[in-house]
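Submitted below is the structure of interest, expressed as structure tokens.
A, B, C, D and E are the chain letters, set down in written order, and residue numbers restart from 1 in every chain.
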Amino acid sequence: MQRIGVFVCHCGSNIAATVDVKKVVEMALKEQGVVHAEDYPYMCSEAGQSRIGEAIAQKKLTGIVVCSCSPRMHEATFRKAAERYGLNPYMVEIANIREHCSWIHKDMEEATEKATILMRAAVAKVHLNAPLQAGESKVTKRALVIGGGIAGIQTAIDIADAGYKVDIVEKTPSIGGRMSQLDKTFPTLDCSACILTPKMVEAAAHENITIHTYSEVEKVSGFVGNFTVDIRKKARMVDIDKCTGCGVCQEKCPSKKTPNEFNRGLNNRSAIYTPFAQAIPNVPVIDTDACIKFKTGKCGVCQKVCQAGAIDYTQKDEIITENYGAIVVATGFDTIKLDQYGEYAYGQSKDVITSLELERVMNAAGPTKGHLERLSDGKAPKEIVFIQCVGSRCSDDRGKPYCSKICCMYTAKHAMLIRDKYPDTNVTVFYIDVRTPGKNFDEFYRRAVEDYGVNYIKGQVGKVIPQPDGSLLVQGVDLLDQKRIMKKADMVVLATAIEPNPDVRKIATMLTASIDTNNFLTEAHPKLRPVESPTAGVFLSGVCQGPKDIPETVAQAGAAAVKVIGLLAKDKLKTNPCTAKSDELLCNGCSTCANVCPYGAITYETKLINDHGIREDRRVAVVNSALCQGCGACTVACPSGAMDLQGFSNRQILAEVDAICR
Amino acid sequence: MNKQAELIRQVSGVEPLKCMKCGKCSASCPSYEEMDIKPHQFVSYVQNEDIEALVASKSLYKCLSCFACIERCPRGVKPGALIDAARQVVVRQRGQQYLSADEIPALLDDEMPQQLLMSAFRKYRR
Amino acid sequence: MSVKNEEFRPVIVAFCCNWCSYAGADLAGSSRLAYPADVKIIRVPCSCRVNPMFILRAFEKGADGVILCGCHPGDCHYSTGNYYARRRMTMLFSMLDFIGVENGRTRVEWVSAAEGVKFSETMNSFVDKIRSLGPNVRLGDLRCKD
Amino acid sequence: MQRLIDRAKELLGSGEVARVLGWRKGENSWDVEPAFFASAEELDGFVYDGFCGANLSKYMIEASKLEGKTLVFLKPCDTYSFNQLIKEHRVDRDKAYIVGVGCKGKLKIENIPAKGILSVEGAGYPDAAEMLTVKTLYGDVQVAYKDAMLERCHVCKGKDHMIFDEQIGESADTLDGDRFAQVAAIEAMSPEEKFAFFQAELSKCIRCNACRNVCPACSCRKCVFDSNKFDSAQKANTTSFEEKMFHIIRAFHVAGRCTDCGECSRVCPQGIPLHLFNRKFIKDINELYGEFQAGADIDARGPLTDFRQDDCEPSIVGKRG
Amino acid sequence: MLKIKKTDLSALFAKIAESNELYLPVKTAGKTNFAAWTPAAEVDLDTLKTVKSPKDAFFPQSEGLYSCDREDGKIKITAGKLQDAPFVVFGIRACDVRGIEVLDRVFLSEPVDTYYAARREHGILVSYACGMPETSCFCKVFGIDAAAPAGDVVIWTVGEELYWEAKTEKGQKLTALVADLLTDADGAVVEAEQEKIRAIIDRLPNSDLSLEGWGAEAAKTRFDSPVWEQLYKPCLACGTCTFVCPTCQCYDIKDYDTGNGVKRYRCWDSCMYSDFTMMAHGNNRTSQLQRFRQRFLHKLAYFPANNEGVFSCVGCGRCVDKCPSKLNIVKVIKAFGKEDA
């Protein structure tokens, strides 16, 4: 049986002017279990709190009801006070008689009656309160960043600078990501490599950063502060410690017919290769599908020419297991496949290319050494047409329903660069809308029109028809002039929609992080927690969460890093004790609760259960209190009532209902 | 809502509000030059419930029912289906209701617009 | 209760989620936006914490109306809770309608922390509705009445 | 029937299964009880005919705890329940050897309007007759097989077994009704009529829990109506509210999980059409969240543990017809 | 011997109801159960067996014992009201009358159950001979004559008329009350009807059921029999058999929190339920086999052991009709008969 104290606050006249506080005290004393009741002008004041303390000591109170302002205001205050005076903080309940009563009612009798009922409900609840202890779990002071693009690199550097260890896991042979494939960046037109490479070097040289390239996350277990991750380090066939990066092997390699991924397949590479000159680490890998040695057993040229003796054909994939306190997902994006867009003749004509391919064409290290030329015949194009929104804003299943966000800006960039370098080349852009919010963005687009004479036409292109003379006929409409346009072009560039890296689905499943219908990772709150996943300890950086450009990506990377640092700075995590708890005797093991848990906090174990003398192995739900956030979705999903929420238990809420209705 | 506009929406199953006015339909249309009201305008005519003008338009029978606009529309708006439905409205105005495919051969005459015939075939084949 | 012979004073239970609707009710309070004292609020962490049994229990014990308030869909603090609540309540309300309980004794309303005005207006209109329906006789337990 | 017995004996003999779960002859030709058979001799009491309405899926919860495999005979509609139990980890698929048996509609003795029935002839499988000959103390009568069928057979879900190891026997088309017609008819009533209808039906309820205990979806180790978790434990109805509460909550707890197997209505001693509650939920789910048949697909997410961002609001309840 | 035309029955009921509560078989939503008579009630005397036995006229499924209410911080206790007005149970069958006699042995022996005793004191039984016995009936096995039931008044229907004979003082009082509506009749008609009924009963499949081996002895000889293991398996652990049974008398006592106090009530319980007699340490019968065995041994062994050999089964056959798994006491008796053979 509880011994309950009720403390009614006047809040100056805020409450006392409309609620007869003396009457509430009098009514409280009639409630079962209430052994003490008093009123005071300011319960939250030092003096008010010490009165609570005295009552706890003198009346041996086991539970407290404070009738005052909203619990959102002072619940924490009174919980701390109770704890100070030796009572478990979760034995405190607040009856909100200010915001929900005195401030909205004028009639004293009515307000007093309502305040009394709210007090009763709180008393009824306290009767069923149980002392709760916040759990603790230790934090592994090391972070994992999945993805080595600009998002991952920036996050890693920021975390490492704060003094914590970070591992980057990158699937390809080098870090750098999409940004390393870009030629120039908007809106400043500085060289992408020039600003990225220093970051890559900084990450590689950082004492707190370990980079696992050519590696993939294989398995994740654990929870916030305590993740255990298996990482598959794929066999490079090149000893990373011995290799000097001289490049002789790549020159001598006889297998040179593999499409070069880095150049989007616009030219070929050797079987042993580094993806690009500034790669980090500057150590090649052997593509065993292309390598003659691996296909036929005969060759071994690279091994012969390697002065350092770094080539090792016997290497096997290796799996390492590491512990982390936090995980950042920075898996980036790719462009969508255009197989279904036959009308743009991509794939039919070599001169229809995507914007990312154009980046490579314009880049000095690209397939044309930076010369703008047609990939079909090497001639300089005189008419270039850009088509916007290819696969973006598309509600059918060919494309994506969202705006890819970056295309308007990079197209303006491309147009401007071309007009600048090749003034006799005409550039036409077919657009639906031009979207340029952002600092100096619209100015940039206007410069393309006003200073560089880029011809913008509103209207999506209907089709691109390759002509016998090798040119391309672009059929469209100028919607503003209501005019059919048949434009002959030498090159067509498609602003292809971007989509999250397809691997992200696998990773999200491993992390129990949720993913939306477009495969973007879901943030914990779209406005207030944009860099956190709903799964505690998992953070989001870059395009994996939604389309964004480089400055936004870097900003989000920093934000994610701050969240990680905030987590790793703690030695132990205090967990909210108001978590779900399963009654093993009632649990059916049906998994219904786990299906609705947004945090993956519920797992199942087969346990020997002693149910009033009947012993049997049963599959029962187990809640990880470090992951559970206490929403209660599981408690309602559970058909047998085995799952309950501490602090808001079924019986507590029902007691409040009963008290209000009686 | 205007009854005829409602009818067109029902018959075509098109939601004009989904249109983002990109013009790809017009850009794809082989009869664009022949039309007074352009394919992308079909949508706004229905949206604005200006069915009289749409029905009076010669575009009604300039549309070849090639359905390129339907295939390529990124929003699934189907201007071709709208114009098909507008023709249906005309048919109904003349007091003729649905045709069964068997009845068509008997009704063929030289004055009947070929386009109507084509779209009837498409309609009943579907 | 003290007022008995006067006009019908309904008992109304309002379940409010801690993060949006309860805060919205607080805002209504601090903005002094009045609504009838018949409404008594129970704080729950999330609308998805509300078991249909709580609602039936309220009616059993004499409530005349029950309203559930949560964050707007998409804004749930726990990201998905109110989506589950929405389906559960749709099902429950449909069943109550099916067995002949007057429509309108139950309601779900999404009220954000910034919508003090909406909270107050919602409660006013809900109380009006319940007053027009009169006392709940079809779902109450007679033992609580005498 | 003989094929079933032969196959069961074969599987028992080979040791492939440790026992057989089927139906056993009763005192009268219509009194068929679910039963376990452990030997070939015991199988002489096995019967499979029109009176084998009992859904054996739920017995597999206990059978899953026993050593060895259990051969279980499941009719097409029973397999939905079995699938749902697999999905909820209540039965062990590996402990079951499922023989999908054909079904030509199951009979309910109460549906034969005759007093003092001594025997019913014509219900035997495989050649169930179109007309049943009913011998009674007060003379013989003829009843159409169809007229004596359970309600659920008139709205049969189909002849396909959702899960099986092998199939024996033919099924017949028995579907001749609209599954949701009665629900729709009630929906069309005024609130007063609806209330009067359910008041009359539910006032008969004696809280014997037969509906709950036979229900394959009600597989909780301890029902909320037997535990103190919600202060809702009751043994008998004391007021009309409790009857409503019990049946609404029961329907809610099985919503999205109920396969509409119809066992609740079959066993109710007071003939309350309990399936109406479940079917109301199924109809709502189909209309509001898309067609869903519990137990058809083990991997499908249950409609109440799922959502769409553009789901309808609860206020739709007042707006729909 | 008196009689009344069937068409005049509503007048009879109205007359009885003027000064008595009247319970009789009423059809609601297709099923017939005993219920209070109202002019609007659909009285159904044709149905042989009501779903529930009429035992709850004397031992209701749930009844308030007393209530505690909070009044100004004090607790006020109000005892439940005892039956103090006469009531008539009309149309109760021979087996169900025997059922009441079984209940009498439980509730009227020391300590006397005052709630039950008050009802028995004020209750008048108008019993009704079974014109058309059913297949599931086996009352003859327990020495019950469905053609001549016990009761305060006995009635028979023959053709379009209902014959009436008072058997006790209570019955005569009731007869006097409705004397205006009754006319004299020829007793020979009833005797012929009785012969007809007995002839049908002899043809019933279970009328010759042997009770050999049952009685007090069975508690020892049949408790550990492997037959139980065979029998109980299909049992769903529902309470249908218990709740339709005219003799099952177990109840539970529970409290209902009204918010302002507590109402203590008792309600039928079933030994088939897993939480029957549940205690802190668990249940003393841990398996369904034990619970199943309990029910039948109670009827056929423990009860006769304590009541001069009287079985607490009356052969009404309701469990035979209503068990969802088609288990019943006849099956149990026969299974042991076969085992013995």
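We take it that contacts are C-beta pairs under 8 Å (C-beta built on N, C-alpha and C of every residue); 3 or more make two chains touch, one makes a residue touch a chain.
What you see is a predicted model, and the numbers here were worked out from it, not measured in a lab.
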Intersection of contact partners for chain B and chain C: A
State the chain with the largest centre-to-centre distance from chain E, centres being mean CA positions. B
Going by the touch criterion at the top, tell me which pair is linked by more C-beta contacts: A-C or A-E. A-C
Just grab the chain with the largest centre-to-centre distance to chain C, centres being mean Cα coordinates. B
Interchain centroid distance [CA atoms averaged], chain A/chain D, Å: 46
Measuring from the mean C-alpha position of chain C to the mean C-alpha position of chain D, what distance in angstrom results? 37
Whole-Å gap separating chain A and chain B, where each centre is the average of the chain's CA atoms: 46
Measure off the straight-line distance from the CA centroid of chain B to the CA centroid of chain D, and report it in whole Å. 52
Which positions in chain E are in touch with at least two other chains? 256-259
Two-or-more-chain contact residues of chain A, please, as numbers and ranges. 596, 611, 637, 650, 654, 658, 661-662
Where chain D touches two or more other chains, by residue: 224, 230-231, 238, 304-306
Of chain A, residues touching chain E in the complex: 30, 32, 611-614, 658-659, 661-662
In the complex, the residues of chain E that touch chain D are 28-31, 33, 48, 51-52, 61-62, 132-135, 200, 203-206, 233-234, 236-240, 242-244, 252, 254, 256-257, 265, 267-270, 273-275, 320, 322, 324-328, 330-331, 334
The chain D residues in contact with chain E across the complex are 26-28, 31-36, 54, 59, 115-118, 136-138, 200-201, 203-204, 206-210, 212-214, 226, 231, 233-238, 266-267, 269-272
List the residues on chain E that touch chain A in their complex, please. 70, 72-73, 257-260, 281-283, 286
In the complex, chain C residues that touch chain D: 51-53, 56-57, 60, 73-74, 80, 83-84, 86-104, 106-108, 138-143
